[in-house]
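Two complexes are shown next, each including subunit A; its partner changes from subunit B in the first to subunit C in the second.
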Partner chain A sequence: MNSRALTAADALSRRRTTNTQPSLARNVVTWLRRRKYALISATAVLLFVLLWQLCGSLHWVDALLLPPPSEILGTAAELISNGYRQTPLWQHFFISVARASAAFVVAVGAGVPLGLGMGLSPTLAAALNPFVQFLRPLPKIALIPLVIVWFGIGESAKFFLIFISTFLSVVVGAAAAVLGVSQARLRAAQTLGATHHQIFAFVVLPNALPELFTSVRLSIGIGWTSLIAAEMVAANSGLGWMVINAGSYLRTDVVLLGIVLLGLTGYFFDWALVQLQRRFVPWAGKDA
Partner chain B sequence: MRNNWLNTLLAVAIAALQSFASVAQAQAVPSEVRFAYAGGPRVWILGKIDGAFEKAFGTKVKWIPFASGADVLTLFAAKEIDIARFGSSPAAAGIARKLPVEVIGAPEIIATSERLIARKGIATLKDLEGKTVAFPANSTAQYAFEVAVKLAKVDRSKIKGLALKPAEIVAAWKRNDIDAAYVWGPFSQQLEADSGKEIFATRDLQKDDVLVFNNFVVRKEFAEHHPDLVVKFLRVAQDKVDQYKRDPDAAAQLIATHLDIPLETARSTLSGLQYPSLAEQLTPAYIGIESTKSTSRITRAYKDTANFLADIGEIRKTDVPDSYASAINTTYLQRAVAVK
Partner chain C sequence: MSQPTARIALNRVGLRFAAAHGSGKSHTVLQDVSLALAEGEFVCLLGSSGCGKSSILNLLAGFIAPDHGTLEMDGQIIHGPGPQRGMVFQQPTLFPWLSVRDNVTFGPRMAGLAADRYLPEADRFLRLVGLQDYAEHYPWQLSGGMRQRVALARAWLADPQVLLMDEPFGALDAQTRLSMQELLTHIWQTTRTTILFVTHDVDEALYLADRILIMSAAPGRIREELRLPFERPRSLEDLVADPGYGKLKRRILHVVREEARKSFSGVAA
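Showing the complex of A and B:
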C-alpha cells in the first residue's frame, strides 16, 4: 500500500519535473504524504457532513428530528449576534468551560497526590478503596437530588458534580499508575541504595507519569460529560443548560449546535492535554 | 457464502416487517393507546382508576408519566405517545416547531391550580425585584409568571428566574435558595405548608384576557388512523368531568388515594381548574367550530403565547405560524357532542 503510494507519488513528481515548477510539485507531494492521516480524517468528516446535509436538503429526514448543518450554521450566526435567552453564545461557552476547568484543576490537584499516596501505601489504599470504588461507578445524575439539598442551586452544586466524577477517576488512575511501575526497576533502585524519596522522585514518578497523563485525559473526558448533569441543576447559562432548555422547546437546531460545541470543546481539552504530555513526558511510549 | 447467508437473513427480516406492518394496518384498533399524563391530580385520572378509557376503546391504555409539558414535546417527536393532556404554552411551542400534532380539546382552564407562592414579606409582584423565583421550564406556570410580571410593569431583569422541576422547587424552597415559585399542585401546597403565601394565581390573568389552559393534543398520524378512538376519548374525558362535578369530594378522594397524595391537595388542585363542557368548548369563547375557530379565544391565546415565547427568545420568530387554527381540529369535538 505504502510502496504503491510512493511509486505513484514518484511518477507524479517525475511527470511534474518536465514542467517548469518541479520543486513545487515535490513539495505538494511531500506535504500530502506527511498529512496523509489528517487528510483521511478531514475527508471522512467532510463526507459525513455532506451526507448529513443531504438528509435535510432532500427531505430524507424531517428537519425537526435532524436539523441539517446549514440550519445549525444559521442558528449559530443568530445566537452569536442575538444570544440565547438574553445571554450571548460566547458567554454560555465560557461559563461552561470555566465551571469545568475549575473542577478539573481542583480534582487533578487533589486526586493525583491522593492516588499516588494510595499507590504507594497499601494501608491508605485499603482504607479509601471501598469509598472510591463505591462512588466512582455511581451515575452522577443519581446524586442530583441530594446535591441540591446539600449544596443548593448555586455554582457549588455544579462544581461538585463535575469535581466528583473527575476526582474519583483521577484517584483510581493515579493509584493504578503507581502500581504499574515495574518491580524490577524498584528493586534495582533499592539495591543501589536509593532512599524512599529518591525512589519516588527518580523511579516511581517518571515511570508513572505517562499513565498518569492518560488517566487524567480519561478523567477530564468523564468530567466534561458530567457538565450536562451539573447544568441540569438550576442553571441559567452554559452549554449544557442551553442543550437541555432548547430541548424542552424542541429547538433541535440549538440542541445540535450545543452538542457540536460541547464535542469540539472536549476535543480541544484532550488535544491540549496531549500537547502537555508531549512537552512534559516526552519519554511516554518509548520504554525499552 | 457469507453474502448469501446475509441476503437470506435480510429477506426474512423484510418479509417479517412487511407482514407485521400489514397486520398493524389491518387492525381497526391498535394494540394499545398511549396517554401522557403529569403525575398530579387531574380529572381524567378518574378514567385511569376505573379503566373507562379501556372499556370505551376496547384495547389497552398505557399511561406514560411526564414531569412537565416540555417532556411531552419530546415524547410526541419520538412517536412514543398518542394523546397527551398538558399545558397550552408547551403546546404552542411544539406546534410552532411543526410537531405533527393536533389540538382536539381544551378541557381545563387554569384558574387557581397554578399559583405564585412567595415567602413572608413578599406581598406583590413588585416585591419580587431582587429576589429569586423558580418555575418549571416551558410550562404554563412559567408563561403565566412572565406575563404577570410584564402586565404588572415589574422590571423582569431585576428578578432572577430559575427553571427547576417541580420536585426540585420544593427542595430549593426548603433550603431557602428561592424566594418564590410559580408551580402547580401538589407542589404549591407543599410550599404553603412550609410558610409560603400565595401572591398571584393564573386566574388573575383572565381579567387581562390572557387565557392559560390545558389541552388535549393528539398525534396527527394516530388521529388519522383512529378518528373514532379520538371521539370516544373526548366523550369519556367529559364523562369524568361530569362525574367530578356531581360529587367533587368523592372524586378528589378517589384521585388522592390513587396518587397517594393528601386529600386536601387533590381537592384544591381539582377545584383550581375550570372545566368548559364539550359544547362550551365549541363556542368562540373557547375553541369554536371549524368555521369560527380562526378567531376563537383559544386560537388567539396560542398565538399570543407563541409570540411571547418568541419575544423571550425560546422559539424563533419566523417559526410562529400566522394562525394556530390549522393546528386545531374541532371535528372530533363536534362528533363527540353529537354522540351524546
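Showing the complex of A and C:
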C-alpha cells in the first residue's frame, strides 16, 4: 500500500549508511543486488552463446547445420560491406522495419478507435464480431494467394498482410480494454456530476489505457511475426526475404543472422513500448 | 414519516432482485421502507450485512430504480445519479491517473467551473483532511486511510446537498477509523451537509449520528428509530462516560443481535 514511500525511505537510510561508512565493496554489493535479475539474464545469454560457440569450435556440430556466433559475426561484417544479393544489410533491415512500422501505425490508428467503439456499442460489436473473430485466428499465410491477386506483388500486399494481423488483434484488445472499467469507478464519476461524454473521455478512456498498451504490445508482436509471411510475397529485399532466400541456398549463416536480427528488432519494439507504458501509464496494475 | 420539507426521502419503497440463473423466484430486498432526512441532519442506517442498507443508498444515489414507491429529493422525484447526491464508497474508488488535487477537483471540473473558483476551495478541503502536502501525489502513493480522506474531500468539493456514505471506514483499521470519524464530524459541523451514513458498527453510529435507524433483514425494513440525546461537539471519551450511552448501546445491541439470530435461523431453514 505504502510501498513506494517505504522504498524511498529505505533508499534514503541505505544511502546514509553508505555515506557514514564509505566502502567500495559495499557500493559494489548494493549495485549488484539492485541489478540481480538483469545480471542473471545477461549471464544466461553469455553462457548460451559460449556453448553455441564451443559447438562449432570443437566440431561437436557441423558448422553448416549450426554456424557458430563467430561465423555469424563474420557474415554480418561481410553483408554490411558487400550486401546480400546486391542489397546492403542495413537496407534489408530498414526496409523490414519500415514496412512493419507503417503497418503498425495504421493498424493501431484504425484499430484502437474501432475497438473502443465496439467496446462502447454492443450493436457495433455484434455486427463486426463474427468477421473479426473469424479472421483473427486465421493463419495469414492462407491469405497470400488472394492478396497477390488483389494487390499485386508490390509493397501494398506486404503492408496489408502485416496490417491485417496487427489490426485484428488491436481491435479485440481495445474492445476488451473498454469493458474493463469497474462499476464503482463509473458510479463515483456519476455522483460527481460527469455526463456520458465526460465519463467516456475522463474515466473510461484513461481507465482503459494500461490494458490498451498491453494489447498494442501483443499485437505488434503478432504483426512482426507476420513479416516473414509478407516478405514471402515476391520480395527482393527485407530481413524476412533474406532468411527465406538464404535458406534455399543453404546459407545457414545468413539464415541465423536474419533470425537474430528479426528477434532483436522484435525485442526492441517491445522494450520501447514498455518504456512508453511506464512513462504514460505509471498507475498500471496499481489500485486506488 | 415523510414530510414535505424533507431534504431526501424514500416513500414506501419496495425492491426485488431477480434470482440468479432464472430459477423464477425473485427475492425481496426491501419492503415498504419509508425514511426522510431533514436538511442538515446526520442519520446512521444500522444493520447487519445483507439487510438491504446499501440498496437504500444505491436507490437514493439513483444507481437503481425501486419496484414500488418513490424517491424524492427536495420534493423532486429522483431519476438517476446526479451531483446533488454525493457518495463515498467503502473503497476510495479514486482515479489513479489523476493527482490528488485533480481527483478532488473532479466534480467542479466536470461542471465546467473556472479554476480560480474551485482551487481555493480544493486547497481548503485538502487542509481539512490533512493532505495539503500530498496534492501532487498520486492515489497509489498513499495509504488506505489517506485515500479515503481524498475520497471525502472529492465528494464534498462537488458541493452535494446530500452525502450518501456506504460504510466508508469499514475497510480501515480501528485507529484510522476513529480519526476518520472525528474528521467527518469536524467537517460536517462546518458544512452541515445532510448525511445518510450506512454502517454495521454500533459505536460508530452512536458517535456520529443525530438519529439512528436500525434495519431488519429479509425483507429489509426499518425496525426502529432512535434520536440520540448527546450534545455536539462530542468527544468519544465523554460519550463513553455518559450513562445514557451505555443504555442506548445496550438497547441497540439487543435489537441488532436479535436480527442477526433471525437471519442465521433464516439461512438454516
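Here is the rule we go by: the second predicted complex is superposed on the first by the 262 of 288 C-alpha atoms of A that agree within 3 Å, B and C clash if a C-alpha of one lies under 4 Å from a C-alpha of the other, contacts with A are read in each partner's own complex, and residues count from 1 in each chain.
The working rule: contacts are C-beta pairs under 8 Å (C-beta built on N, C-alpha and C of every residue); 3 or more make two chains touch, one makes a residue touch a chain.
Values in this document were obtained by computation on a predicted structure and should not be read as measured data.
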* **First (subunit B), second (subunit C), both or neither touched by A:G154** => first
* To do: Based on the superposed arrangement, let me know which partner A:N236 touches: subunit B (first), subunit C (second), both, or neither?
  => first
* Pick one for A:Q190: touches subunit B only (first), subunit C only (second), both, or neither. => second
* To do: With the two complexes superposed on chain A, say which partner A:L209 touches: subunit B (first), subunit C (second), both, or neither.
  => second
* Considering only the touch criterion stated at the top, classify A:A38 as touching first (subunit B), second (subunit C), both, or neither. => neither
* Asked: First (subunit B), second (subunit C), both or neither: which does A:R85 touch?
  -> first
* Can you list the residues of subunit A that touch subunit B in one structure and subunit C in the other? -> none
* Asked: Hey, which residues of subunit A end up touching subunit C in the complex?
  -> 1-2, 4-5, 182, 184-185, 187-195, 198, 202-203, 206-207, 209, 281-283, 286-288
* Structure fact -> Per the touch rule, the subunit B residues reaching subunit A in their complex are 68, 70-71, 73-74, 77, 90, 93-94, 97-99, 134, 137-138, 160-164, 167-168, 171-172, 174-175, 177-178, 309, 312-316
* subunit B-facing residues of subunit A, complex -> 64-65, 78, 82-86, 145, 148-149, 152-154, 233-234, 236, 245, 247-252
* Asked: Along subunit C, where are the residues that touch subunit A in the complex?
  -> 61-63, 80-83, 85-87, 89, 91-97, 106-107, 110-111, 138-144, 147, 154-155, 158, 160, 164
